[in-house]
Amino acid sequence: MKAVLTVTQLTKTFGGLHALDGVDLTIGRNEIVALIGPNGAGKTTLFNCLTGVYIPTGGSVEITSPEGHTTRLNGLKPDKVTSLGMARTFQNIRLFQNMTVLENVMIGRHCRMHAGIPGAILRNARTRREEKAVIDDSYRILENFQLDRYVNEFAKNLPYGAQRRLEIARAMATEPFLLLLDEPAAGMNAQETKDLDDLIVRLRNKEEISILLIEHDMKLVTSLSDRIFVVDYGRKIAEGTPAEVCCNPVVIKAYLGEEIDA
Amino acid sequence: MSEISEHKILFGWEEIKKSLLTCIWFMFLTFPIMVIQVNTIHRTVEWRWERLFFVGAGAFLLSFLWRYMIRRKEAGIKREETAQNTHQDLLQRLLSNPRFSRPALAVAVLFFLTFPLVFSLYQIDIMTTALIYVVVALGLNIVVGLAGLLDLGYVAFFAVGAYTYALLNVHFQLGFWICLPIGGALGFLFGVLLGFPVLRLRGDYLAIVTLGFGEIIRLVLENWNEFSFGPSGIANIPRPGFMGMDLALHQNHTYIYYLMVGLTVFTIFVVRRLQDSRIGRAWTALREDEIACQAMGINKTRTKLSAFAIGATWAGMGGVVFAAKTTFINPASFTIWESVIILCCVVLGGMGSIIGVVAGALVLKLLPEYFRAFSEYRMLVFGTVLVLMMVFRPSGLISSVRRVYRFEGRNKLEGQP
Amino acid sequence: MLKCRSNKTLAVMAALVMSMVFCSAAFAADTIKFGVAGAHSGDLASYGLPSINAAKLVAADFNAKGGVLGKQVELVTEDDVCKPEVATSTATKLVGEDVAVVLGHICSGATKAALGIYKDTNTVLMSPSATNPALTKSGDYPNFFRTIAADDAQARQQVDFALDVLKVKKIAVLHDKGDYGKGLAEFAKGFVEAEKRAQLVLYEGITPGAVDYSAVVQKVKRSGAEAIIFGGYHPEASKIVTLMRKKKMDTIFISDDGVKDDTFIKVAKKYAEGVYATGPKDVSKNPLTQAYIEKHKAEFGSDPGAFFDNAVSASIALLSAIENAGSTEYTAIVKALQTHAVDTPVGTIKFDERGDAIGVGFAMYQVRDGAYVEVK
Amino acid sequence: MDLEYFFELFLGGLTRGSIYALIALGYTMVYGIVELINFAHGEIYMIGAFTGLIVAGLLTLLGWPALAILVIASIAAMIYSCAYGWTMEKIAYKPLRKAPRLSALISAIGMSLFLQNYVLLAQTPDFLPFPNLIPEFDFLEPIEHIARSSEILIYAVTAVVMVTLTLLIKFTRMGKAMRATSQDREMAMLVGVNVNRVISMTFILGSATAALGGVLIASHIGQINYYIGFLAGIKAFVAAVLGGIGSMPGAVIGSLVLGWSESFFTGYISSDYEDVFAFLFLVVILIFRPSGILGRKESDKV
């Protein structure tokens, strides 16, 4: 299987604290990989290092596009990473609260558009075409995520589950081949989690993307993922299929006494 | 339900007690400064007891109003929390209703076109000044209202524009029409120059640094005599000529007025288009959430810089017209208070809302002229209005409305502002 | 009248506003309108308000004698808060009300901005306080006159005094970076350098309103200056003088009109002793001056403020000029101002072709025993 | 000679810095807890100075001794400034707790304008001489040409105020509540901190510091008008940001650094561009240390 993401010996230190300590990770084409671990294990830090929010202290992050171009991401800005084809969502929802649902998705299309300032002012045929296409595409994405009835609603006024979905929709609008989801099911009820499960599977099948997700809901994780990575204290402590990981004594030990939302 | 009962007892005993307390408190508070005037030069003391009475009576009555307004506001917030994007107040509903807005627009166009034919020279003069502020405020609206970058030194770009015209005219006898785009371009350039170092800063740090830049520009203009003629300023800046003709005073004012109307229309046109474009959405997203914005593939640096620079362009052009209209400029016209006033045009009018900013600038520049008789109290009232406005109507006179898109079936779509 | 047909309401509205604008003018066509412009509110109001009082008193006197050209004089006062951009509006407003002549403006910057409009409408303007030399010297403003001497005359006086009377060899020139202060200092610097009899050891601007001037004072000390010529106002002057004296420096302090103010002595107290300042020639012996000060006390219950004498003089000069000219026509007034000498609190004056009052100048004063005394 | 010159500039900078610090301390405290640029803080300082002037003027007419007047005027100024600070918070800031930062800032600017013009109209636009309340102590006579008693008093008061405030915040119950509020207002509320009281207290403390500064500085400089608060306030704000806004020692360090840099710049280069230099200095510092000299490094929680 061809890898889309290869992380080797990734290290991140804050002062003296090793938040990540030599993490290795690969994700293949069209694969769903879950990243689990106790609170504070370094999962979100890993996400931030991958997406350029933090600059890694050591190691390397490389992505390979479906066309076969490999790019080293270390030190690239978040916007560059996104335009290269890796999109993400956030643990604490970060929607553009005072923009409408449609606009949120349109923002996602930003890096696939080209109109500049002159285009915006002159509004020539090309810009108009592009703008129309963006509205069109965005609406279609909303339909796919069953958010079309909220089109002109402010993002902040959406129900919680819909906000989570909108975040994914917005990320998908950037046309990624690798999607990073940070606790997508946090705070959802059973039904919403079930819908999310279906949604992620559908995304993988229809859009042919790879997904890396952080999640505490073990039921969701085991049903979704092809492989699971377990991290603790910034280190990878286990890796394997859901069945393997679940009975791994190291993992059980790491979680022992920890309260998890499973 | 409790709100209603509270409203009922607005004049109950409890309320009167509260107001009495407020009244006594304010009488205590204002006692030394309002009542006692110690003249340390002539060593005399003047007691002005009658003022205490006015303060007391005023505080007593106003405290009722204050509490009533606060309650109404809190009830309003509760309502708003459950409200939808489609919820708008009366003014916005009127504005978005074509049956009202089209005739209103027609009347406005007619009003501004016939203005100089109907009104006196003085009216034309103050309206022109107000329009200059409209343009400049619209520029600042891009920076503050759309991109959410608090700029307290915006007047620096205004000064750049004004001095561009004045200096180019003094040294190279360049005319108004050549200087107008040059002023805009230099504004843009300064926007980029000043924007670069402050890109990493956020919120309050940005505010103080931009304030610093504003002051730096003014101080340089004040001190560098060889370059800018120092604090005594530059006089005899020519008013724009019309096809090489020298116009009489009234004609000239009328001409600048129409020129300003044109520039205003042009500004509104451009700002509207920018707002509804890819770049405009990026500005708004940047205001809402920087991190998420970058995660969506938006280049923070370029987006911020473009907001700074485009905002500054309008200030530069406004400055050129300002210099041409006043015919005299000196650094004292570009103090931090000028920045504050322009910022207030934006905030009072309604951040991010074009029509709001236009209304804000017109109100803020015209009302003081019409209330010249009370000019002593002008700034006092201005300060009060700022506070009250923020407390009771923080979204400004006319708050911004997000664009609404209508989809009638798949692929059949129509954007409507 | 196309617009009327297309929109009735607008026409009605416009008519209403027009009538509001013009009715006041229509009613009072048989008076002579005397405009008074300047800072009447805000922080500089104390310089502008005395001119309103002066104009009121002078107008009342003329009216009591039967008016000017048989018409009553009517005051039209407008505020410009000393801001150039407001001053143009003020000027258009006054011009719109058909004023015959204008007393004002107070600040040089505002005056320059407004002058363009008065010039285009052939309105004579006379300022009691705008001292910027370019106003008259540039020749750009034939309609401008003033009853106060220009800054360069003041700087000349300061430098001559320092060189001829005090015979100092090292001079420091300081200013407050303002329009007035720096303008003066520039001239002083130029004169000192041209004379070559003394060395200019320091030329600096201080920041008005700063909390502490000890660095500048130390710098003066180090420069070895025997005298400081300071251009600016009394708040900064008193801070600097106080600081110098407390640091046991006896450097001579020569300043200007903005410091020749009793407040300076009251603030700086004992440290003010010995400070020199130029100011308008002492006119307190002039019976006309005394008469107007008495009238002010009787009418307004207080001592007149800054530039009162100059404002009274300007008012008298303007109204007399209309009378002498026999009309309110521009060239006639200008001619009358230049040819007919009139008695005013600042002396019997007429104006030169550039607009400066002939014979109005400065004298040097020194603080002695808590009061300014003219130095002969 | 040159060393002496340096030393004199150093002392001048120290005076300047201490004056800025007295105002900056209140600025930074309010910011640390409410995250609001209290633009009107300079005005509270000005009101303190005016109240001090009025009280001192009255007592001087009654012929009281200077030191007694100084104490009473300071206390009166502090009481009134606290009252103004408290009222201001209730009117202009409290209703805006949940509003965007910009709204609160505009409200603060409005308050600043209001208070300036209130004093301008109720009192006078002109400069008023402030009675010299700080006696020239005999034992300072020999060094008086280097540092006057008023300067020494300002240094001392600045140091005492800084130490007191720091201790207050570190060790008292109220101080702990303040720190909790500044960390996370919602959380503090949940654990039973009366946030409204904490914020009121912050404004009262900040105002008291400003008033004390107002009386001392006015007495040192010898004159006041309605506008002194704004000019000093801007500089104090720059100093607070320079030091890292929200940090008490930062405010003092920032003020001293600003005071010294201005003094040395004036002394060795030129006072023409003194303020230009001050602002450029701020920009440069912020470019390399975006949260000031002692500021907490703010990183986004992602």
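Just a few scattered comments:
Every chain is named by a letter (A, B, C and D) in the order it is written, and numbering of its residues begins at 1.
The working rule: a contact is a pair of C-beta atoms (placed from the backbone, for glycine too) under 8 Å apart; a residue touches a chain by one contact, two chains touch by 3 or more.
This one's a predicted model, so the numbers in the text were calculated from it and none came from an experiment.
In this assembly, A is the chain whose CA centroid lies farthest from the centroid of chain B. Among the chains, the centre nearest to the mean of all shown protein C-alpha atoms is found for B. Centre-to-centre spacing of chain A and chain C amounts to 71 Å, using the average Cα coordinate of each chain. Mean C-alpha position of chain B lies 33 Å from that of chain C. Separating the centre of chain A from that of chain B, both taken as means of CA atoms, is a distance of 41 Å. As a whole-number value, the distance joining the C-alpha centres of chain C and chain D reads 37 Å.
Multi-chain contact residues of chain C (touching two or more other chains) are listed as 42, 45, 177, 205, 263, 266.
For chain A, the set of residues touching two or more other chains reads 53, 90.
Counting only residues that touch two or more partner chains, chain B has 40-41, 223, 291, 376, 379. Across the complex, chain D is touched by residues 42-46, 177, 204-207, 209-212, 214-216, 218-219, 222, 234-235, 238-239, 242, 246-248, 263, 266-269 of chain C. Interface residues of chain C, counted against chain B in their complex, comprise 3, 6-7, 9-10, 14, 17-18, 21, 40-42, 45, 78-79, 81, 83-85, 88-89, 92-93, 95-96, 108-109, 112-113, 115-117, 120-121, 132, 134, 138, 140, 177-179, 182-183, 186, 205, 262-263, 266. Of all the residues in chain B, the ones that touch chain A in their complex are 83-86, 270, 273-274, 277-282, 284-285, 288-289, 291-300, 306, 310, 402-405, 407, 411, 413, 415.
Those residues of chain A lying in contact with chain B across their complex are 51-53, 77-79, 82-83, 87-88, 90, 94-100, 102-103, 106-108, 110-113, 115-117, 119-121, 123, 127, 130-132, 134-136, 139, 148, 151-154, 157, 170-171, 174. Here chain D touches chain B in the complex through residues 31, 35, 37, 47, 50-51, 53-55, 57-58, 60-61, 76, 80, 83-84, 87, 91-92, 95-96, 99-107, 109-119, 121-124, 128-131, 234, 237-238, 241, 245, 272-273, 275-276, 279-280, 282-283, 286-287, 290-291, 300, 302, going by the rule given at the top.
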